[in-house]
Every structure is written in structure tokens, then in C-alpha cells.
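Got some structures for you, see below.
After this come two complexes, each holding chain A, first together with chain B and then together with chain C.
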Partner chain A sequence: MKCVVGIDLGSTTTKAVILDEEGRILGRGITNSRSNYDLAAKVAREEALITARFALLRHEVEKRAGAEVLRSLLKAFRLSQTLAQLARLEELILGQIPRLVAEPLRAAARTSVGSIFDSIRTEEEAWFKDPDPPARSDFFRDAAGSAYMRLAEEIGDPNGVNFDLLVGLYDRCIIQVENEPLELGFRDHIGSALERIGNPDAVREGVEQAVHVPLDEICTVGTGYGRARLPFPKEQIRSEILCHGLGAHRLFPDTRTVLDIGGQDTKAIQVDDEGIVTSFQMNDRCAAGCGRYLGYIADEMNIGLHELGPLADRSKRRVKINSTCTVFAGAELRERLSLGEKREDIIAGLHRAIILRAMSLLARSGGVQNQFTFTGGVARNSAAVKALRRLVEENYGERTLNISADSIYTGALGASLFAQREAAA
Partner chain B sequence: MTETAQPKPEVQKDRSMVLQKEMIARHFERLAAAPETKEPVVYTFVPGNLTELVRSFGALPVLPEINALQSGMRGKSRDYIAEAERLGHSEDVCTYVKCDIGMLKSGNIGPTGKRLPKPDLLLLSYTGCYTFMKWFELLREEYDCPTVFLQVPYQGDGTLAPEHRQYIADQLRNEVVPALEQATGKTFDEERLRHYLGLSAAAEDDLVAVLQSAKKKPSPIDAYFGAVYYVGPIFSAFRGTEEGAEYYRTLRAEVEARAAAGLGPITPDGPLDEQKYRLVVEGPPNWTNFREFWRMFSDEKAVAVASTYSKVGGTYDFGFRHDPKDPLGTLADYCGGCYTNLNLPSRVDMLVNYIREYDADGFVINSIKSCNSFSAWQLMILREVEKRTGIPGGFIESDLVDPRYFSPANIKNRLESYLQMIEARRREVSA
Partner chain C sequence: MTITAGIDVGSGAVKAVLMSIEDGEERVLSKVVARIRRRHTPAVIDEVFNAAAEAAGVETIDYIATTGEGEDVSFSTGHFYGMTTHARGGLFLEPAARAVLDVGALHSRAVLMDERGKVLNYKMTSQCASGSGQFLENIARYLGVSQGEVGELSLQGHEPSKVSSICAVLSETDVINMVSRGITTANILRGIHESMAFRFVRLLRAIRAEGRVLMTGGLAGDVGLLKALQDGFEEEKRPGPPIEVVNHEDSILAGAIGAAIWGAFRHRKLGLGEAAWKASTPTRI
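Presenting the complex of A and B:
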């Protein structure tokens, strides 16, 4: 089967989208960019190929065994991947113990680390069995990291194998795990995933068929800040502004204005009825008010990025915050806390501040036309969406605001659509 | 396998480039020797500069803006700006000013490595930029020398009214000329001024021919980055001089030969014969990363076919020439017609006409953080030009000589996005 690939090398995450010959989305992948675009592109592409394989077997499996079985298979597959990564992380940490831990504490450290990993594995198995598991980050680093920290805190003992020592070991190894091209391929994990769900015949047949369909990538287009790293000719590189415009058009064909708030830049884009960009504005000399700002705030508050929006949604009284300087954000936060403001009110104010900055860019790019599509990682944040909806209505009147659940893939989707055009040319 | 380094493209030097380098070197040598030779020195600015008048008194002009941009190009401006900030100049002050003040406080070594002399007179011939006035106020404090201000009425309604022209000419006769007489110890020689104005007009004819050669396809010049070099002599110390006139004769012949041969301009990375995008550019360039900035355009095969910055020292392509028959009147016309003295509709008209006359594919605004004279209105200009031409504009932000405000990744991203947008629209139209 011929297919095309779009890769968006963002400052925070790298995404890949695969389209089939008809332009249908076959697969999507996402990973942390982690300052290693080569690896990030490889991992995101590999992930997209895996979901493409699942797309290929969906029809067969759903027909024979039902949608629920397919979902279980996908979860089992993810579990298999996660367990492989956990095993690698544990191996690396145990390997560091002789170097970083004093001899008398080594045995206890090994026991503590083993205990932590046993618990994480148990939790992962439980997550797999849970029919409605709680939402969590897509990334191994986030999911494994938060579990490791929590368990390290719980088991940190007074004999010297304390929390700091355990976290030090983790910090030393997690980057290496992320930067190793682990075997995440479809073939490597689908067998164990099948076993895990009982190896039903109907599913196995579908899997065998999907494994043997060749995926012939006839064109790849890259976009995003790391695009210069891609070993592609110039014609296969597109600016993320064009890609976001075209991607948003594909998701919502009546889109005329696109706002993308990414990790280090914010883009306000106007597009025509074909999704071609007619005007755009970006944040200028600094990244104030971009997605990284929220990441910084989350770090300052020691909570996950995905927890920020729900926290701000609890606000009853918005605190007015003017500065969107990322560097000053922590100071602003502490100052407000010291004045007795509630955390949720401050966070709501911070969300509004970054959206106000985006509103300025929207105005400069030509305003907010109907329909208006919000993309990028920040579009997943409910508090940012709420602030945006309100400010757009106040300034431009009623507008249809489109947000796709997969908005984070918009740039990669646009790149894949450009790849499709290149392939056809 | 060992990779061999790619040889750097050999820089092609035309005769005009050699001439320019030599004339600048001679000028700065004369300036360095001025304390001994007693040649009088007048500091002035590019917009509305009165070089012929200054030269007619045997005085040598010094243009602090040019020195600042040269410092930017030579990688000195960061330290000079830091020095000025240490002295108490705020971060938001025009970076030309801070660069100049920093240079002054660091030994006053000019672009060619020679020390610059103290001024005998500070001649502020354009008051439309208030920063200029404050700048000379600082220099007056430093040098304790006479200062003369020429008040130039703003073209608020798009024209220089007769009474405004008369007002400028009267100031020239009654204030500027006496100040120059006093500073130089020489009497005003109107015939000498007429002679110099004649030389100016000839050079202006040649310059206009050079700039308008960009109407050809491919354009034989880059009318923004390349034009910075072309306008250098006429915007600085060489308007109305024999060597200036010779430079422009030579340059014109070279450009006409390139045009006849169907060749593009010479960029720092070699000839740009294949031109994919013809652009009009508004706003001054960034000087600290000038070559890198130019390369962002030339790598994409984008050539500037017209620019407003190359008119900042004179809008000669609209027909104005210095007229020896009316020496002070023509200088009044010149001062009133400075690009930054034009009102918003005139600046929009200029860009719209350039886009049409030069058959441009697009226009790019480089908005300068520390120059309000240029940057105020630029987004309004962008929208209006888009509306009137149907061509989308690109918007880049940088600074004159403060390297802290040049973010290559951001600028490159914007420029590439803009050019790809033009390309996507082309494909859409052709489909």
C-alpha cells in the first residue's frame, strides 16, 4: 500500500501522520522532541506506522471480534511497549547503583529500585485491565516518572536509600532510555499483545494480514522548528505555518482563521477556502505566552501540564496578570500566592494572560473570521480554550470555534497533505 | 571518510566596489588627520543631509548613523551598546544612538580603524526624528560645540507646501549658512555650491538608472541588500563630489552590462541569476547579521526589486534632482522629501507602485524594534498595501544594531513561511 508521511518536529513534541493513497489518515505518532530531533522523528514515525497497522487490521478485527477486542489489543500492545521500556529503565538504574551509591547502601538501593519497578508493573497491568482507565500523559517519561516519584517518596527509608538518592538514579537514566531507539515496532510487540488478550483466532488472522501489507512510503514532508534536521530535499520541507493552515482546513474545511499555540511560538493564521495561508503573524522576539510558559508554571507548581487546565477551571475569581514573560512567571506566581490569592485563581489569570497575547497576534494577522480553529498542544487545555472563547466573543462576536481532539497533530497532518500533493505532482 | 571543507565562493569585486572602498578609506584618513590639517568637521544625519552645502565650506561630513551601522556590521555594536547602557541609556533607546555613544566612549575609532575627529559644528538637518535631536543634544554635551537645527515641516497632507519650502530655505540662508561660516571661517560660496549640486544631479541620474534596472527579469541588482552598498556614497559624505559622480557612472555601466547579459546580482554567496521571488522590502535592514539576513533571502532565490530604505537619503526615483539653478530652494525640497518625512498614504502609495512597476511577487516589512520613525504604522501599511494590491505581505522583526534582537530561527521561519505562502498561492492559481 502506498502512503505518505508528514512529520512535525515541534520544540516540545514531534508528531507524525500517515495518509493512505486516498488521503485517509492511517496512523499517527507522537513523542517528546527531547532536543534530539533525529531520534524524535524516528520514534514518531514508528509510532505512526504502528497505528497505521492497527488501522489496517481494524476492519477485519472489528468485523470478526468487535471493536472492544480491538481496543484491548491496542492497550495490550501499549502495555507491552511500556513494560519493555520499564525493563530497560530498571536495568540502567541498577547498573548505576555501583557508581552512584555507597557500598553499604547498594543492596538496599537495589531492593528499593526493584520494589518500585515491581509496583509500577503491577499498576500498569491494572491500568490495562481497567475498562475505563484514568487519563494520563501519552509519554513514557511522564507516566513512568510520576509513578516512580510517588513510589520513591512512599518507600524512601531512613537507612539512607532516601527519596533524593532514588530520584537521582532515575534522572541519570531516563534521558538515556528516551534517547535509545528502543524496539517499538509493530512486529516486536503484537505477539505478546495477542497472547495477553488470549490469542483469539479472528484477531490473529487480522494481525497476520496487517503485518504482511507493505507500507510503501512514497513521499515524506517535514515541518516544525527541527525541520532543517530532516534529510529531505528542500521541496519536502514546509513551514509549520502552511502546514497548520492546511491541516486545520482538512479537519474543519470552513476554517478561515487558525490559532496555533505551540511550545515556543504562537501563530495566528488566515487561510482561504482551500486552506492556503493568506496572512499570518507570529510572536516576535521572545516566546512569552507560548506553551512553554504553561509548562514552566506546571513545573513551578509541581503538577503535570495536563492538570493545569482543570485546576484553572475551578477558579471563581480571576486574578489579573499582565506579564507573560516565561522567566518571570514563577516570580509572579509566588508573589500572588504570598498575597493570599488562591492557586486556581492565579492559574486562571495566567491562562487569560497568554490568550490576551494571542488575541493581539490574531488582531495583527487580520482578526478572527468564521470559522475559527484552535490548534497546537495548548488547545488541549480547557482553561485556555475557555479564555479564548470568551475573548473572541467579546472582540469579534459569535464565532464557531473548532477544536479537534487531535489538534496536536494539525501541523503533521498539513505536512502529510503537502506530501500527498508532492507525490501527485 | 574525511569530509573536505567546501571552498568559500570567491567574492566577485566589481570596479565600483573597489572605488567605494578607496573613497571611504581616503575620507576617513582625512577625518583622522583633521586635527592636524585643520579641515573643519560637521556632524550630520543621512535624512535631509546637506552634504553639498557642507562641502562648499570645505568641511568634512561625519554621519553618526553610518558609523553606528558600520559598527554593527563589524561586530562592535554589542559592546558599544553595553557601554552606553552602563552609562545609563535605557534598553529601549534607539540602538544607533547607544552604539554611537558607546563608540565615542570607547575611543571614537571609526569604521576604518581611524580615530574620528571632534565636530566643529553639529548640523541637525532633519527634525522629524526627535531621537536625532536628543542624540545631538548628547553630542553637544560631550563636545561643547555649536549646534544648528533646521526645522523641517512634516508632509502631513502629502505635499511640501510652498510656504514650508520657503521656511526651510529661509532657515538655510539665515541660520545654517551663518553657522557654517562661523564654524569654518569661510564665506558662503554659492557658485561652488551650484557646481556641487550639478555633480549631485548627475550621480542621482545614475543611481536611479541602477535602482530601476530591477524592473528587468532577472533583476541585475538586489534593491535592498545590494542597494545598501549602492546608496552608501550618495547618502553619506560623497554627494556632490567628483569621486561620488565617478562611482555612480562606473556602477551604472556595470549594472547595465549585467542587465544586458541577463545576469542577476552578486550576493555574498555568489550570483543570484535564478530568481524565484521578486520582493519589495520596507524598513531598514538588520546590520549585525547583515550577511546572514541576506542569505536567508538568497538561499530561497528571493531578490529585492525595490525597497524604501534605499530611498531614506533621497527619493530620487520620483523625479527629484538637486537643481543648481536654485541652490537653497532645491536643498529645501530635498530635506522636505525625505522618506521618513512622508505621511502614511504616501508611504503606502510608494509600496503599491513599487509592487506594480517592478512586477513583484510580494513585499516584506522588516520592523525595527528601536526605530519609531520607521516602525510606527507598519502593520497599517501592511494591511493597506495588501488590500490595494491583493498581494499578501510578510512581517519580520529585528533591530538595527542590537544583536540581542536578531533571532535567526524566528526570522528565517517567518521568511520561509512567507515565501512558501507565495508559492502555495501560485500553485493554487495555476491549478
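Presenting the complex of A and C:
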């Protein structure tokens, strides 16, 4: 089967979308960006290929063994990938101990690190068995990092191996794990995933069929913040604004205005009836007004990013946040909390602050036309959507607001559409 | 003899000293510094104060002075503004200093003072955390470098990469970019120190500092930042009066020391009778 690939190398995450010959979406992949852009692109593409393979075998497996089996196969696959990464991380950390830890502490450091990793592995196995596991980050770096920090804190300070030392070891090694190519592809782990769910015949046959479908990538187009350093020829690079406009057009063909609030930048784009960009505005390099602002606040409050929206939705009173800078807004949050203001009211105020910044970008790019499409990670946040809806209505009147569950892939989708045109030319 | 405690509550760490003051002779009896991280600040204050009181081994404390964000400390006798305590503490550590540059976790400020520690002029950085201590700490973490190594590494950076102002929150990507461009850790750190130093040079010139300036606050011990700052004054395009920036091993305690000294002063003035704290009935929040 011939396919084309679009890669969006963002500042926070790298996304890939694979289209088949008819332009149908075959697979999507995402990973966190890292200093090795080439590798980030490779991992995202690999992830997209994995979902493409799973999409191919879905039909077969669902028919023969049921949807539940497919789900547990996917979970087993993820577990197998994670265990491979954990093994490498532990190996690296143990390797660093002789270099970074004073001789008398080395044995104790090895014990602490070993017990942290044993606990993480136990938690991973429990995650696999849990029919309804709690939400967590899809990225190894975040999931493993938060488990490691939590366990390092729990272990306390036996024999002088303190939290700082353990975190120092982790920080040094996670960068390396991320920047070396590990074998994490479909073929590498599907075997052990099958073993884990008991190797049922019906599933194995479906897998074998799916493995052998050839996926020939005939064209790839790259976009995003890091596109200039992708190892692609110039004609296979498109600006992220163009890709975003086209991707939003594909998702919602009547789109005329696109607002994208991503991790590290916010874009307001006007497009014509073919998805071609007519004008746009972007924010400068400052976290205030981007998704990272909310991420920082969630970290400050020690809650998950996905919990912020529902919390803010409970607010009854409007609070105006005075600080612009994200770090200072975090300090203001703590201060207001200690003054007895309600958590939900402050958080709702912070959501409003980020949307107000977006409103000014929208105004400068040419306003909000009908239909209006909201993309990026922040579009998944209910409180941000609520604030946006309200402010748009107050300023521009009634507008149809489109939000797609897969909006994080909008840029990569646009790039894959350009790849399709490139391949046809 | 007057025994006082000075507690400096910052946004990144809590610092406490116990001092004895007798016939104008000021002596530090004990000093404790603890990072707050994600802990509840009042608990850290409690811990730091008790540790300092125990280490000093005193029976009573006459005055407990707080500074920084310590206005709400339940057992404090009085609170002093950060700029006055840093000025006074700076003078204690470096009697020849006529200005302090306090580089803390979130804010930086320059304070001009006279030979008795009276504040003459003062200026703070703007409404953005770029170039703050927190910012540098984030960068070090992304580079996998410990706080203690930052300074020494920066000294080895001879071809720094120029950085303009970097958002403290988005710095991770900028660092990733620099790493991917093949810039060494030493040169990245030196570049960041230079951009911070550039701001501090302007800050010190703005308050019309002259002569010796003491760095205080959590970042005062960063030899890389100190060097970049010294170089910054040497390479000024339009040099002003000479400025010599120095640090002191106890620079991080300047606020706490200043608070303890001002506390003793106020105690003498007011002639407060009862002790603020007794070892027999330790304070608990």
C-alpha cells in the first residue's frame, strides 16, 4: 500500500500523520520533541506506523476475537515498549553512579535506584491489569519522570542518598535515553505483546496478516517550529501556518478563521475557501498566552493538566489575574490561595487571561469569521473553550465554533496533504 | 547581650540565622538554609527556625525578625522590608560595600546604601521571570547539570552563544535548540550568564552604584554569574564610575543577617522585656 507522511516538528511535541492513496487517515503518531530533531521525527513516524498497523489489524482482530482483545493487545504493546525504555534508563543511571556518586554512597545509591525501578515496573504491570487505568502522559519522559520523582521522594534519605542526588542522576540519563534510537517499532514489540495476552490464535493470525501489508512511503512533508533542521529537501518543507490552515480546512471545510493554542506558541490564521492562508498573527516567545502557561499552573498546583478545566468550570466568581509572566502568575496563584480565595475562581481567571491574549492576536489577524476552528492542546480544555466562546460572542456575535478531538494533529495533517499533492505532481 | 533570630523567607528557600549582639559587636551563632521546593512554606520556616535555634544552643531569643515573604510568620516579633535587610546584611558581610545586588529565585534587585546601611536608592527587575534564579535552575536541569556545577562550567565557556531574553517557562526548548545546534553546555551557560549580567549592569547603573558591590541572595555563590558580571562592567561601551562586584560565602544569608541586626536595634530602642522564644517552650506553628 502506498502512503504519504506529514510531520509536524513542534517545540513541545512532534506529530506524524500517514495518509493512504485515497487520502484517508491511516495512522497518527506523537512523541515529545528533543534535541535530536531527526530522531524526534523518526519516533513520531514510527508511532504513526504503529497506529497504522493497529488500524490494519483492527478489522481482522475485532472480527475474530472482539474489541476488548484488541485493546489489551495495544496495552500489552505499550507496556512492552515502556519496559524496554525503563531497562535502558536504569542501565544508564547505574552506569553513572560510579562517576557521579562518592564512593561511600555508591552501594546505597544502587539500592535506592534499583528499588525505584522495581516499584515503577510493578506499577506498570498494575497499569496493564487495570481495566480502567488513570489518565497519564503518553510520553515516556513524563510518565517515567513523575513516577521516579514521586518514588525518590517516598524513599526519603536512607544512608545519605538524598532526593537531589537521585534527581540529578535521572536528569542526566533521561536526555540520553531520549536521544538514542531504541527499538520501539511494531515488529520489535508485537511478539512480546502477543505473548503477554496469552497468544490467542485468532489474534496471532490477524497480526501476521497486518505485519505483511507493505507500507511504502512515497512522499514526506515536514513542518513546525523545527522544520528547518529536518533532513528533508527544501520542497518537502512547508511553513506551519500553511499546514495549519490546510489541516483545519480538511477537518472543517467551512473554516475561515483558525485559532491554534499550542504548547509554546499561539497562532491566529485567516484562510479562504480552499484552506489557503490569507493573513496570520503569532505571539512572541513568551509562555503567557500559550498552553505551557496552563501546564505550569497545573505543575504549581500539583495536579494533572487535564484536571484544570473541570476545576475551573466550577467557578462562580470572576477573578482578574494581575501578572502577565507565567512564573509570576504562579506566585500570584499561591498568594491568592493563602489569602483564602477559591481555587476554582483563580484557575478560571487564569484561563480567561490566556484567552484574552489570544483574542488580541485574533483581532490583529483580521477578527473572527464564520466558521471558527479552535485547535491545539488547549482546545481540549473545557474551561478555555468556555472562556473563548463567551469572549468571541461578546466581541464578534454568534460564530460556529469547531473543535476536533484530534486537533493536535492539525499541522501534521496539513503537511500530509501537501505531501499528497507533492506525490501527485 | 541581645540574641536575635533573622528569618528570610524567599520564594525558593528559607534562610535563618541566630546572632548575638553585644557592645556593637555582631556575631553569627548559627545559620540554616533550606529549599522550599513543593513543601508547605510555613512548615519549612518552622523547620529552619528550630534547626537554627538548636544549633546556636541558646536559652532565650530576644527578638525574632522576619524579612522577605515572611510577614505572616506567627511567632515573629517584627517584620522588615527586604531591601533594608539586604543592605544591612550586605554591609555586615562586606563593610566596604555601598550597594548590594540581590539575585533571588524570582526577582533581582539592586540596593544603594550608605556606610550605616541606610537605603539610598533601589530598583527591581521587570515583570518577567526571565533571568531569575528559577530560570537558571530550569536551564541547569534541562542540561542535566547540578546547581553547584553551573558556575564552574560557565567559566569554561569561551565562545558563548548569544541569547536575548528567554522566557523562563519556555527555556527548555531554547536549550534543546542550542544543544541541537551543537553548542557546548559550558558555552550555553556562559551565554545565559552574560545575558543576565547585561541586565544587572543596567540595574546597578540605574541606581548609580559605585565602588564595591556585594552580590547577595540565592545566586550569589554562582562564580560563573559573578565573572560574567565583572566582565560586563569591564566591557561596558560607555563605562561609568568603577564598580567592583564581589561575593561572600554567606551571601545567601544577607537578608536573614540584616533582619537579625535590625531586630536587635529595634529591641534596644523599644526595650522589650519578655523574650520572644525560650528553649524550654519551643515555638510551634
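The rule we apply is simple: the second predicted complex is superposed on the first by the 363 of 425 C-alpha atoms of A that agree within 3 Å, B and C clash if a C-alpha of one lies under 4 Å from a C-alpha of the other, contacts with A are read in each partner's own complex, and residues count from 1 in each chain.
In this text, a contact is a pair of C-beta atoms (placed from the backbone, for glycine too) under 8 Å apart; a residue touches a chain by one contact, two chains touch by 3 or more.
Predicted, not measured: the structure shown is a model, and the values here were computed from it.
In the superposed pair of complexes, A:A412 makes contact with neither chain B nor chain C. Set against each other, chain B and chain C touch different numbers of residues in chain A, with C touching more. In the overlay built on the shared chain, the residue A:N302 is in contact with chain C alone; chain B does not reach it. In the overlay built on the shared chain, the residue A:V277 is in contact with chain B alone; chain C does not reach it. Shared-chain residue A:A147: touches no atom of chain B or chain C. In the superposed model, A:G366 lies in contact with chain B only, and not with chain C.
Touch criterion not met for A:A76: it reaches neither chain B nor chain C.
Once both structures are placed on chain A, chain A residues 225, 285 are touched by chain B and, in the other complex, by chain C. Here chain C touches chain A in the complex through residues 11, 38, 72, 106, 127-129, 132, 134-135, 141, 144, 146, 166-170, 173-174, 176-177, 179-180, going by the rule given at the top. Touching chain B in their complex are the following residues of chain A: 225, 238-242, 265, 272, 274, 276-282, 284-285, 364, 366. Of all residues in chain A, those touching chain C in their complex are 11-12, 33-37, 164, 168, 171-173, 175, 225-226, 229, 264, 285-287, 290, 292-293, 296, 302, 323-328, 331, 338. Those residues of chain B that touch chain A in the complex are listed here as 369, 379, 383, 386, 392-393, 395, 397, 405, 407, 409-410, 413-414, 416-418, 420-421, 424-425, 428.
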